[in-house]
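Below, chain A partners chain B and then partners chain C, in two separate complexes.
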Partner chain A sequence: MYTNFEEYAVSSLTGGCSNLPKVNGKLNFESEWSQKAFAIAIELSRQGYFEMEEFRQMMIKSIRKWENEHGLDDESWSYYSIWIAVLESLIYGRKILEKSDVTQLVAETFHCKNSSMPT
Partner chain B sequence: MTIPGDEIFSYSPNREIENAAKVNALEALLINKGVFSSSSVDKILEYFEKRMGPFNGAKLVAKAWVDPEFKQLLINDCNAACSQLNMPTGMSGAEGEIMRVAENSPSVHNLIICTLCSCYPWPTLGLPPYWFKDPTFRARAAREPREVLSEFGLELDDSIEIRVWDSSGQIRWWVLPERPEGTDSLSEEELAKLITPEAMMGVAKVKT
Partner chain C sequence: MTVSNLATKTPVTVITGYLGAGKTTLLNNLLTRPNGKKIALIVNEFGEIGIDADLVVKSDEEILEMNNGCICCNVRGDLVRIIDKITSANRTIDHIVIETTGLADPGPIIQSFWVEEVLRDRTQLDGFVTVVDSLYFFRHENSCEAMEQVAFADHIILNKCDLVDCSQIVELETVIKRMNPLAKIERSENSVINSDILCLGGFDLSKALTIEPDLLESNSHEHQNDIAAICLSSYGSVNGDLFSKWISAYVQTNGENLYRCKGILNIDDQPRRFVFQGVHMTLEGRPGTPWRSDQVRTNQMVFIGVNLDEKILKDGFLNCHYASN
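The block that comes next holds the complex of A and B.
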């Protein structure tokens, strides 16, 4: 609905970005994984594993930390990478999942992908 | 609880692939453990797509334009106005607890931002666009709103006062835009179609 507008806004405000993340016709979500990361946090909060306010406070601290260490126009900025970091911190902190299980599954995913790549 | 450290913020060229793998792993393990069902993620996303979105804000604005009493209620108690139209006012703490509306007028233009992170009135405007979360936007909109609005294509006369409303965990602001001229003959439904999320954020005006 407002893809052109958002592209214009992002380009203007960030001084130009050649590869704007765009999925489903708009930029609300940077990618499929960011959409899923968002939903996981909401669902865990809905189930009472943590309060959204707690999540929000951690986001604020994490964003502030990132901004203190990077320039405002640093292209490595990724809101949903910070979102995932906060989400993981809560998931492991509350013992909802074990970090080692997640690490192992991610490693297996990469191993599978690498194995299936043509040599 | 620790705040994620430096290693989280290091920028890997494979970040997209790594993030996707990590999120998929989190979802798979949560399903495996019985915390989620296989449709949990889709249900949440569907809720935000169909129940909480800018279509709600547009309905509220259109009604406020044709009903002065409702307009006063919207300004005084936004959540009560949402309830009157049977709209969601929040979802388990999902950003809609206390919404407030700032009314535009010929002499005052309102702009919403969140300097802390990306607080946003989800029930009435949906999820924030990408640029709302951008550090540059968040910093500059607070410091030099007139210039930023100009870059958005909204040139405001110097005589118009710009008020910037910084949302927080306590209050989520959004804007009641001005009804455009020449819309007297339009129905409430037709008016609602004119209203964009940008107008309700204050980075645009409603156009016919």
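The block that comes next holds the complex of A and C.
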């Protein structure tokens, strides 16, 4: 039983290829932006903008697409790059930015991503 | 990284009912009615030679037999293996229907879908359908299995209505409603039904919005077989930690007598409902759909079982509430 949304969200993203990256059982973030992207997605879902299951299915689809287009040993693999692409797709596709005041938070995260992502 | 176990979960409908109630007829009606779905049918029966599967009309559907015993007792491994096979990556099955033996105990069957990894990851239990023999129901009152099949159901089909008079059907409906106020009751003759029993959403917590208000107003529903439904409702916010501890302890202590429970709660004033359901000692709960901003948040719970003490439930639940200002 998950009465806490964050625990539920992490649990629902555990297992299969959408599995959250973990090290020694703890969530592992590649960078500051990946941590923020994670937090934004969980908070938006907690607020009811989308379901975690929708997010999980989109992650699965995107990861499958990436795997079909890249070798499994491709070092450019980044779980949270796919995560943020899915998040962007939901935020813009559902016009969440127009509905809420998350603009600043998302803008900060995207800026953070641009400054620390490998080119 | 691997792309295994990713497919959408296959819905499962379990059809049960006491011996001779009309389960196989219902299946035949279901399979001959075009619904555009590729159905895998699992027939569970006693004995080494399957009989029921031979009675099922020939169709495009795949029929698998489990005849080493009753599904609720000792063929859980068989069920897992069959569903593992059905849901493997290269198969395209839209729905799985399981016909149990007439003596099946529903609790362990439902629990398997929550505790067995293959079933939990690849399937979604959609509904538990019970066919009731309207003519002989009261003769089966001393059968625990027959009563439990009613108490656990999401959808109850009162079959053979043409063989009893109207007042008896009304009496039967009243008795059954008291035993299981959560289930929808449908009358039928020759197991012919109008409802789409493959789309009940009976165990889908993600869609749970409310419990019938009429049900909650009537509080307790006693039945002569000691099967009772206790309905609780309240306003205010429930402390998630306290509730989690209380309900877990309650089902550990009373799980044997608790057949099913369901609830929709305002936990910690979160934006989303908290929804839970349980069978015996097994519980599952998760955040559900968001509350509307203009909505009065009501906590609603229903417990169905035998010898349940309403006061203990009520007091325990009230102790989980935050103090109101």
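Heads up, the rule we're going with is that the second predicted complex is superposed on the first by the 70 of 119 C-alpha atoms of A that agree within 3 Å, B and C clash if a C-alpha of one lies under 4 Å from a C-alpha of the other, contacts with A are read in each partner's own complex, and residues count from 1 in each chain.
Throughout what follows, a contact is a pair of C-beta atoms (placed from the backbone, for glycine too) under 8 Å apart; a residue touches a chain by one contact, two chains touch by 3 or more.
Quick caveat, the model's predicted, so the values are computed rather than measured.
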First, second, both or neither for A:I60, with chain B first and chain C second: both
Chain B versus chain C as contact partner of A:E51, first or second or both or neither: both
Which of chain B and chain C A:I96 touches, first, second, both or neither: first
Touching partner for A:I40 - first (chain B), second (chain C), both, neither: first
Touched partner set for A:A85, first chain B, second chain C, both or neither: first
Chain B or chain C, by number of chain A residues touched: B
Touching partner for A:L72 - first (chain B), second (chain C), both, neither: both
Shared contact residues on chain A - chain B and chain C: 1-2, 5, 8, 15, 46-47, 51, 53, 57, 60, 63, 67, 72, 77
Residues of chain A that touch chain C when the two form their complex: 1-5, 8, 15-18, 46-48, 51, 53, 57, 60, 63-64, 67, 72, 77
Complex contacts: residues of chain C adjacent to chain A: 1-6, 8, 121, 206, 240-241, 243-244, 247-248, 267-268, 270-272, 274, 276, 283-287, 289-290
Parts of chain A lying in touch with chain B, wherever the complex brings them together: 1-2, 5-6, 8-10, 12-15, 21, 26-40, 42-47, 49, 51-53, 56-63, 65-67, 69-70, 72-73, 76-82, 84-91, 93, 96-97, 101-102, 105-106, 109-110
Residues on chain B engaged by chain A in the complex (per definition of touch): 1-4, 6, 8-9, 11, 15-16, 18-30, 33, 35-36, 40-42, 44-45, 91-95, 116-119, 126-131, 133-137, 139-140, 148, 151-153, 169, 196-198, 203-204
